[in-house]
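Have a look at this one.
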Amino acid sequence: MEMTTIIGILAGLAALVGGFLWEGGQINGLMQGAAALIVFGGTIAAVVISFPLARLKTIPKALRFAFTRQTDNTEQLIEDVVNMATTARRNGVLSLERMAVDHPNSFLREGMQMVVDGTDHELLRQIMELEIGAVEQKHESYAKIFESAGGYSPTMGIIGTVMGLIHVLGSLTEPTDLGPSIAVAFTATLYGVAAANIIFLPIASKIKSRSDDEIQNMELLLEGILAVQNGEHPNLVRKKLVSFTPAERYHAPAVKEGYHEHETAE
Amino acid sequence: MEMTTIIGILAGLAALVGGFLWEGGQINGLMQGAAALIVFGGTIAAVVISFPLARLKTIPKALRFAFTRQTDNTEQLIEDVVNMATTARRNGVLSLERMAVDHPNSFLREGMQMVVDGTDHELLRQIMELEIGAVEQKHESYAKIFESAGGYSPTMGIIGTVMGLIHVLGSLTEPTDLGPSIAVAFTATLYGVAAANIIFLPIASKIKSRSDDEIQNMELLLEGILAVQNGEHPNLVRKKLVSFTPAERYHAPAVKEGYHEHETAE
Amino acid sequence: MEMTTIIGILAGLAALVGGFLWEGGQINGLMQGAAALIVFGGTIAAVVISFPLARLKTIPKALRFAFTRQTDNTEQLIEDVVNMATTARRNGVLSLERMAVDHPNSFLREGMQMVVDGTDHELLRQIMELEIGAVEQKHESYAKIFESAGGYSPTMGIIGTVMGLIHVLGSLTEPTDLGPSIAVAFTATLYGVAAANIIFLPIASKIKSRSDDEIQNMELLLEGILAVQNGEHPNLVRKKLVSFTPAERYHAPAVKEGYHEHETAE
Amino acid sequence: MEMTTIIGILAGLAALVGGFLWEGGQINGLMQGAAALIVFGGTIAAVVISFPLARLKTIPKALRFAFTRQTDNTEQLIEDVVNMATTARRNGVLSLERMAVDHPNSFLREGMQMVVDGTDHELLRQIMELEIGAVEQKHESYAKIFESAGGYSPTMGIIGTVMGLIHVLGSLTEPTDLGPSIAVAFTATLYGVAAANIIFLPIASKIKSRSDDEIQNMELLLEGILAVQNGEHPNLVRKKLVSFTPAERYHAPAVKEGYHEHETAE
Amino acid sequence: MEMTTIIGILAGLAALVGGFLWEGGQINGLMQGAAALIVFGGTIAAVVISFPLARLKTIPKALRFAFTRQTDNTEQLIEDVVNMATTARRNGVLSLERMAVDHPNSFLREGMQMVVDGTDHELLRQIMELEIGAVEQKHESYAKIFESAGGYSPTMGIIGTVMGLIHVLGSLTEPTDLGPSIAVAFTATLYGVAAANIIFLPIASKIKSRSDDEIQNMELLLEGILAVQNGEHPNLVRKKLVSFTPAERYHAPAVKEGYHEHETAE
């Protein structure tokens, strides 16, 4: 389980509160129930209005995706597909069934199962591309919820501060009280901006980054599955898949020179 | 009828007003007729200028779409299309007429009617894609109206506050009056920002979310209708349609193993 | 002539000024020549720099488009094209010349003239698509001018206010004069934000909405003209064109059942 | 030489300074060396970091493009291409060499030279499309530099003002000095916002407008050159090219009726 | 090694600090540990949350790319490809191996190696396009990290300032202390805005500019490698490649007139 999301949030809060205490501030000066009600209540309400119930129900899944999901190792996936390509060429595609059924990646597993079932090439591509599109859309809809929360919460902070100022200035009798009251009003801005920039927006960004990685892996697997179905040479499969990964391509196990001759000789 | 839109708006207003009262504010400090005239009058005027009359007349429909429209259940639609595929293969496409005529989804109904009428495959696709595009455009135009209101209202709030400050500062005689007068001026900002973030922008967002769901269903139905017209095997129809829905695909009723053999044996 | 643009602008100004007077402000407090010079002079200058002379000369046309242009009635256009399709099938395309020459829509007129002239199908499509693209680009360039004015004017307002504050604070001798002087400085912000949100941005938005409607009609006409040239059945032409208009499709005159039989029987 | 860029900048500065003087401000109140160093030094530094040296060296060319470049007259270009089409049909493409070699437009000249050289149709299109793409990219990179300067300069103004306030407030001993010092601090904001909105952003916008016009002409010429190579009838060439220009198409010299008959009779 | 990035950052800091000192500020007024903790701690935390660990680990590479990477000279690359085209036509593609193996550009080297290996034309294009896409994506992901830091740091500055104001105003006892304390609070805004505009955003922009140049070179090389594989005439190869570079095309070594005759005569 990758812990950077939770570590980052704790570190961010520690930096802000630590800086405040270092300046000599008192922690209870940051605790204002009314400001919290306005900012978090308002943000939650705006998010509830913004999305249908069915989407709101995916928030726990979205959080799990952001906090714990680990993307498969791309190099391992390439090796697995290359191994399947070798097996398929040696023993035929039916021999893939045993290898595929145990694979931890469900997209690869399902795709190889369709190869074993003898699904038509174009249909296989079409179904797997639809699945990639559907996964991409699901992740985007996860990220949009947090992005919209990150958009609403600072404005709710401004609303809270303006309401605080209206209250303070409207009932002003003793100018010396002005300072502390304005301090209280500013807490709402603090809550709204901090929640957006330490929690909502970074989580949306993490979801999008992880989605990018996962979609890239799925596209790589799709290319690999189709190549296995076509019975392409394992070296060629590796070469194609390695092209998806810029960093890898200089360190990939050297393709045997002259394999094209072997290829054409077969 | 899904109630989240109306519940969200009420909850949002409750959070803001509740926070204000908790701080000790008085509710009549938030009621300023002049600020309301500037913010809401100005926003309505800006929206009226921004769109032709014919679009403005769609606002009630847009509100109904945002507040009450419920998207069809995708799983049920898939089942219905699979049933139609089974019927069509067994009894021919003409037998679909009775099933289609009673279906609550008008897009499916109309599409199946065209299949029954023997409409040409490419023409059927073209007409249904035009309809999907037209529905998408209609929803976008609904959302745009609320988005533009959500863009204008905070600036109208700023205009109201600046006008209030001009009035207050321009006729300043007694500094002790300054506070309450500025409080009044800030009310316009409050109205503008709150209306945008509790009402206009979340409604625009809800319209877009519902449109996404509906368009996705229409695309799924289009694929299904074309598959039925082609006389594809119900299992294959289900497999295709299920690919549109990422969550479903792991729980879908297991496709009978070896159906491809049956398929090719037919 | 649709009056919503001019009515909207007057209503918007009335709401702002009315709110100001209601609060007890005096109208001459809003009249500041220097602020007007900075905001409107600066905005005009920025727009002049931003666009070549040839584009600036289209501003009167753009205003006419925003204030008075009325889009053709889509349903009437569909009926006219269907009538032409009927005539063309009965009497040949040459008989269209008399119908086309009087039609108020110049795009339809010109397209049908090309059909009568026997222009090649692909060439006809290519020329008419180029024209649609050119009209779209012309409208976009109209809208861009007002959008850029709406972007510059609030910043010119800020410049005016900052310059006012520099003047006021720089020569501060009597603190009691501060209030009225700052009020004067704020007028520039008021001018800039109000001009952008009551005039420039809504006009840009109106131009874009009208352009959308007009382009949609042109695309519908293009499809209709090509269908007439192909000699398609009037019922089919109507069905295609109606697909462009989501609201219409449920109320369109019922397509005679069984027309496909007639069609194939011909 | 079109002078609107330089005239606009001078007019914009005159409007701002004029408004300031009208209010009774003193011109030396606007002259602050330190603010200028922060805003312009900071903006130049940020631009230098943002772009590789090779791009920075194109700034003089970009300025020349924005200040003096005049786009070719589209109608004249159409006439020239139509004349070439007539010559080519009458005397063969080799006769174009003399006409092309003297043409002021280098893109047309070069394209016609390739026609004379007998370059293959698809290769000609490919090479000319690559050139259009390269010119478009060059103009975009010109505009990006000024856009980024227009993005940095207001934030440098804010930095300057904040630094001024830190200095003023940090060493505050005599409250009566506060006003003039804050006035000085605000000068940085004034510089940053004014430079962005009177100089940087409008120049970027002008570059993009001119680029649009030039690219549109190049696309029109490309279509014309290919039509000449194909030996198309001059009337048809004119009809095609006129479709690129919405305003022209209603005033274009009337195409002789019945030219298609002549056409097919040839 | 191109030094503009580091020079720009130093010059930017010098301009800001120089302006501050010129105004009479004291350098230690700008040094606030608590503000630095809030702004930089908060920004780092937000970036850590926003990206998976694997992406964060690429930051050193991204910095190296922004600070030291020099793009290959395009004209030199064109000459090299043209030379290879000449060699390949004279001595066959196998003779390219010796030329390719020593070339400093790894993309050209690898592509020519694949030509020598006799890789299929379409497969070669597909693999090299995948590599270009992968490099583009890598650079984008570099830039995104700095862009997101540049987005978070000003808001962290605002958070720091608001926290400072809460502390100051909340414990206000002596109004004369207000000024220096607010000055301290503003330091956070200064840090956040300056870091974003002198460091984070310009570095992101530099990465994108360099990526554009590099991708353009790769696309040019891809076209060149495919042309060499096709055995195209060196003059034609040069003409194609030169079309990628707008500035060059007027100064390119003149293509011998009449080469098409030679070409077809071969």
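Letters A, B, C, D and E mark the chains as written, and numbering starts fresh at 1 in each.
The rule we apply is simple: a contact is a pair of C-beta atoms (placed from the backbone, for glycine too) under 8 Å apart; a residue touches a chain by one contact, two chains touch by 3 or more.
As the structure is a prediction and not an experimental result, all values here were calculated from the model.
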item	value
For chain C and chain E, chains touching each	D
Count of contact steps on the shortest path from chain D to chain E	1
Chain A onto chain C, rotation angle from CA fit, given as a multiple of 5 degrees	145
Numbering shared by both copies at the chain C-chain B contact, with half separating same from different	different
Centre-of-Cα separation between chain D and chain A, whole angstrom	40
Computed distance of Cα centres, chain D from chain C, in Å	25
Sequence positions of chain A contacting 2 or more other chains	184
Chain contact graph, described as a line, ring, star, complete graph or other shape	ring
Successive chains around the closed ring, taking chain B as origin and chain C next	B, C, D, E, A
Residue numbers on chain D that touch chain E, as the complex places them	33-35, 37-38, 41-42, 44-56, 106, 117-119, 123, 126-128, 130-131, 134-135, 137-138, 141, 148, 152, 155-156, 158-160, 162-172, 178, 184
Residue numbers on chain A that touch chain E, as the complex places them	2, 4-5, 7-9, 11-12, 14-16, 18-20, 22-26, 29-30, 71, 176, 179-180, 182-184, 186-187, 189-190, 193-194, 196-198, 201-203, 205-206, 209-210, 212-213, 216, 236, 239-240, 243-247, 249-250, 257-258, 260
